[in-house]
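As written, the chain order gives the labels A, B, C and D, with residue 1 at the start of each chain.
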Amino acid sequence: MKPHLDSLPPDMISLDDYARLSRQFIEPATWEWLQGGSGQLQALKANETAFSRHAIYNRVLVDMKHGTTRSHLAGLDLAHPIALAPVGYHRLVHDQGEVATARGALDTLMVVSTMASVAIEEIAAAAAGPLWFQLYMQPHRDDTLHLLRRAETAGCQAIVVTLDTPVQPASHAAHKAGFVLPPHIDAVHLRENGPPPPVALSAHGRALFQAMMAQAPTRTDLEWLRDATALPLIAKGISHPGDAAELLAMGYDGIVVSNHGGRALDSAPAPLTMLPAVRSELGPDAVILFDGGVRTGSDVFKAIALGANAVLIGRPQLHALAVAGSLGVAHMLKLLREELELVMALAGTPTIADITRSTLVETDYPGGSSC
Amino acid sequence: MKPHLDSLPPDMISLDDYARLSRQFIEPATWEWLQGGSGQLQALKANETAFSRHAIYNRVLVDMKHGTTRSHLAGLDLAHPIALAPVGYHRLVHDQGEVATARGALDTLMVVSTMASVAIEEIAAAAAGPLWFQLYMQPHRDDTLHLLRRAETAGCQAIVVTLDTPVQPASHAAHKAGFVLPPHIDAVHLRENGPPPPVALSAHGRALFQAMMAQAPTRTDLEWLRDATALPLIAKGISHPGDAAELLAMGYDGIVVSNHGGRALDSAPAPLTMLPAVRSELGPDAVILFDGGVRTGSDVFKAIALGANAVLIGRPQLHALAVAGSLGVAHMLKLLREELELVMALAGTPTIADITRSTLVETDYPGGSSC
Amino acid sequence: MKPHLDSLPPDMISLDDYARLSRQFIEPATWEWLQGGSGQLQALKANETAFSRHAIYNRVLVDMKHGTTRSHLAGLDLAHPIALAPVGYHRLVHDQGEVATARGALDTLMVVSTMASVAIEEIAAAAAGPLWFQLYMQPHRDDTLHLLRRAETAGCQAIVVTLDTPVQPASHAAHKAGFVLPPHIDAVHLRENGPPPPVALSAHGRALFQAMMAQAPTRTDLEWLRDATALPLIAKGISHPGDAAELLAMGYDGIVVSNHGGRALDSAPAPLTMLPAVRSELGPDAVILFDGGVRTGSDVFKAIALGANAVLIGRPQLHALAVAGSLGVAHMLKLLREELELVMALAGTPTIADITRSTLVETDYPGGSSC
Amino acid sequence: MKPHLDSLPPDMISLDDYARLSRQFIEPATWEWLQGGSGQLQALKANETAFSRHAIYNRVLVDMKHGTTRSHLAGLDLAHPIALAPVGYHRLVHDQGEVATARGALDTLMVVSTMASVAIEEIAAAAAGPLWFQLYMQPHRDDTLHLLRRAETAGCQAIVVTLDTPVQPASHAAHKAGFVLPPHIDAVHLRENGPPPPVALSAHGRALFQAMMAQAPTRTDLEWLRDATALPLIAKGISHPGDAAELLAMGYDGIVVSNHGGRALDSAPAPLTMLPAVRSELGPDAVILFDGGVRTGSDVFKAIALGANAVLIGRPQLHALAVAGSLGVAHMLKLLREELELVMALAGTPTIADITRSTLVETDYPGGSSC
């Protein structure tokens, strides 16, 4: 594969450019893993299509000279409402992995994955902006607690617990491309975990339910977790308003509406479709992040208009990291933020709070996707 | 064509893989017969498209460790709600035909076709799971009775009478490929039938109506059939709620909502579209099976959520049988069942009874099919 | 081009087959003229798409042995509700032109065009079924009267006056292919017409309005026409319910809902879309024919279910005529009629009168067209 | 590139033909600039798709011999409701630039752009029809006033102030093609402008808001402009009914509903979609022009039926100018006007005032665009 670039070609002007170019910088099997979705890809495609159902009014009579993307999110004061989603194994596309990503995350919140290929302490030492820690609950509570304490000690300012993949369906494309983690890359945070608990299947017992799902976090586990940290605690992978409401009632500080980038339930709805119902259920003050197919400033704007406080960016991190390391990540974020500013300028919304449902008009035709 | 495989390639991970690979194992004209639909293929395509109109909520707060696909169906206690649809002439793709299929149907109900290329007694001797018998009513009632008695004696536990193809429109593709039954394969159950009754067309009489449709089962015939067997009796090929209700009023035990895999009326609606109205008409206790385009665990889940008690799988049987004989059939069923378990785990539905309409959300965009 | 066939290849099993094969039998520029539509082809494409919005219930409990396609239409007793639409210049694809078509129209009503390339008297002498005459009103009433009298004398049993193309937009494809009538083919019925009336354009006058549209039939002309013949009089090219109602109030016997096969107003709606509103406006007893994209028995069925008494077939006449002359026309009509019988058999509608709106179910997905 | 044609090939029969052919007459990078849209092209594609949602009734009982496209627009008496939209830099495709365009604009209103590559005085000397002047407000009011006075003195009969691009998003395709203005072409009207005002960014200040948007016209500027000219004043780039109403309340004479040809906000709605709401908000007497994807007479008709008094044509001007200079422009306008006449003739609308909402029927299928 090509070595990372030291400077940016002048025709890198959108996240799509990074996606396209990154193919030359990423091993083919890794590319399939990164781009893949579960099953028949219904959820993955729905994420992209959903944005085209909404258009944004161009407004012309608003004074925009005090325009700003400044955002407040669970106690953080952020330059803009765009954050880096938790993505595992950054070292698959860059030797320094998450450390390089964190260096490029200027002014930007980064959510570090449990499945990071570099330790949270090293990432924190390099980070250009605030960090949150994404938690997969472990079979042994001690291991989970140990992860929490490391994240707190490293300075992470919130915990994001992912709930939508107690088991994860296969990406057919990644499987066929033969993707496996290379021996020198692993989930470093899990090295010290105890062995998984033994499972005795009953007669006719099914491994999925009696083994894997038996280790999935239950409501009791989630209550325990709420008590286990004083940090803001956010549940990720929520699409049903009822689940969202229950989590808030359990003391959670917010949720991430997400279908795991089309990598969890293969026929899950697009999270954009679910945002309005979730916001309506939780009310105006709940913290709601959005994750799923954001690639342009218009996408960010639409997610906010439909109920999100901020958005998370997944695959484009690794595209940019593969192409040009920290510089690529910083540039990718700059492009997206400037696109958001441009959309806000033309939509007549000087602040994030002005981006409400009334800025949108529904359309019945796809617009943004090539047919 | 390639000989059947003795072991499964590692990249066979979905029913689509069997469909694709099977092309190398099936004679071209037979392939066209198998894949074909009637007329302009509207019904065939509608079957596939219909699933994409529904998405499934990912739920996160349900304890799934006692999850199970166990199902009850017309007196049977089944490991899962996936059964083999009646398909004729399995010997077209495998020398041992239905016997090989039956050996692979582990834990799975198989509905043997009147048009089987192996006798029901041989199939029953080899079967790994329960059998039902699919009945085409014959021109002579004696012949029909004889079929019934053979099925009962062989141990079939229900009769499925197919009603949607008193005449069957041509598959244009099969016709053009020159598909004909080879001389060594026939519908063995019909060998002893009497000659068809003579028809005297009236002036301007039309063969379709006065000959073929005159032999189609009438309401009187169906009442006679109800009295002719003590087995559960299920009518297949129903899409109109009114027909469904009448059949239950006549003492039938259930129906199969189906458009014959797109092989009957070429502009019939997708059966998935009709399921809710049929379930609503018949009430919660009626036995309703579904047949039409099921290829994934999500498809099974959606059919159940929209009203089915179980689903039937057609073409994939022969794909799997052609690729790897009994082993292929067993593996294909395992894949589908495990996909269903995975969807149930992520959808938060521990039992089949939990799969209700509220697990779905309607979408207005296609997702699962490439366009 | 290929000479006409003397016998039919065995794989001619649908009207699509005739369309495809006919390309080898028709001069390329003539093919473009035949297949073409006006402008951007919106109307032409809408005709095809409209059918896919409706599916047909498969019904299973109806006794069909007395099924029949017999139809009554403006005093005629017809074997089926499929008629040949008026199409000009059949000699473009066959030396004997309309005479050959008429010989193939067994049991079938043929509507002879004013623009026929063979005289109505010769067509009538050869006709295998009843004839109607399609009238374009001429600039001089004497010429119109002369056409009417010839049609009456030749035995035509109704007059169909076409109203939707007082001017006809260009087919871009035919224009670019350089289509012109060859010197030996003309509209024989118009040879004796007087010269067109002189037009003196006013200052800033526009030829379209002051010359062409000034010769278009007005309400007064249409009233005159009503009085000029005792034959049933049917207006063709109607899509608006208001126009339909006015024509019936003027004493017209019926209408043809049509957009001239996509050859008139280039953004006209599909006539299938307009049928229900027109039928609702005119009531159950009005004579309503349908014309626009019928290619299968299902299409015929759907048009009748949505309000038509009968359908007209346009381009497929010339496809069949080009491929195999009279034999082709007869076979094409036989295929379509048998498809209609098959659909009726499976839809449980023994007579044309049974084909009502309740036989259809609306769908939101296209089915019949490749994507 | 090819030199301009002196005479027109016979197969130039629609605006699409000019678009296609012009590619041979325009430098590749200039072509990308001309055809391009902002961002992901959602707005650009929406413009085309929107027309296909409406069909036009073919009417048959209207006397059309006094048909006319004559239009009244903000004091002008026009032969037809089709005008030339403001487009910058015509010299990119023709040495004489806007002068050649103006010579071809027979009977046609031309809106000259602030970004013209030829001075308004020269254009006015050559113009074959009335002129309006499109104004971009300049950072210094004196410069704006100077532009206004030049336009008034040159005889422009109205001012069109464009509001939807205070900043303009990049066309990715034009950027990648390396489009830049060649040295011999510039915006001649801006040569004498003063230097832009200095900007001191505050800490964390963003250039887009504090520099560019700080120079965007505010409500105060627009009120000042209203007082600065006695000519009719029309605001261009409006899609929200609220903005439209406010501008009229400020004394503006009308608006242009437009998304800048898909070159402004990249997810803006199609202006055709917004027309009905804007007309409904402003009432029947307001001056509303439409701009966005008009390529056929049907498109003109639909825009008028949905609320426009007249339409503006953008890119096709340059296509025609590139192909055949003034002759091309005149011919392109003739084609479009004649298409409009033809549609009016078939739709039974003798005057522009007859083109109301009731001439349309909504469709749920795309028709005019190939997919």
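By our rule, a residue touches a chain if its C-beta (ideal position, glycine included) is under 8 Å from a C-beta of that chain, and two chains touch if they have at least 3 such contacts.
Everything numeric here is computed off the predicted structure, so don't read it as measured data.
Looking at subunit C and subunit D, not one chain touches each of them. Between subunit A and subunit C, the least number of touching-chain steps is 2. Simply put, subunit A must spin 90° to overlay its Cα atoms on subunit B, rounded in steps of 5.
Copies subunit B and subunit C of the same chain sequence form an interface built mainly from non-equivalent positions, shared numbers / all numbers used being under half. As a whole-number value, the distance joining the C-alpha centres of subunit A and subunit D reads 42 Å.
Spacing of subunit B relative to subunit D, judged by their CA centroids, is 59 angstrom. Counting partner chains per residue, subunit B has residues 371 touching two or more of them. Looking at the complex, you find that subunit D touches subunit C at residues 11, 13-14, 16, 51-52, 54-61, 63-69, 79, 296, 298, 301-302, 338-339, 341-343, 345-347, 350, 361, 363-365, 367-369, 371. For subunit D in complex with subunit A, the residues that touch the partner chain are 39-43, 45-46, 49-50, 53, 163-167, 169-170, 172, 175-176, 204, 206, 208-210, 212-214, 216, 218-219, 222, 235, 237-240, 243, 246-247, 259, 264-270, 273-274, 366, 371.
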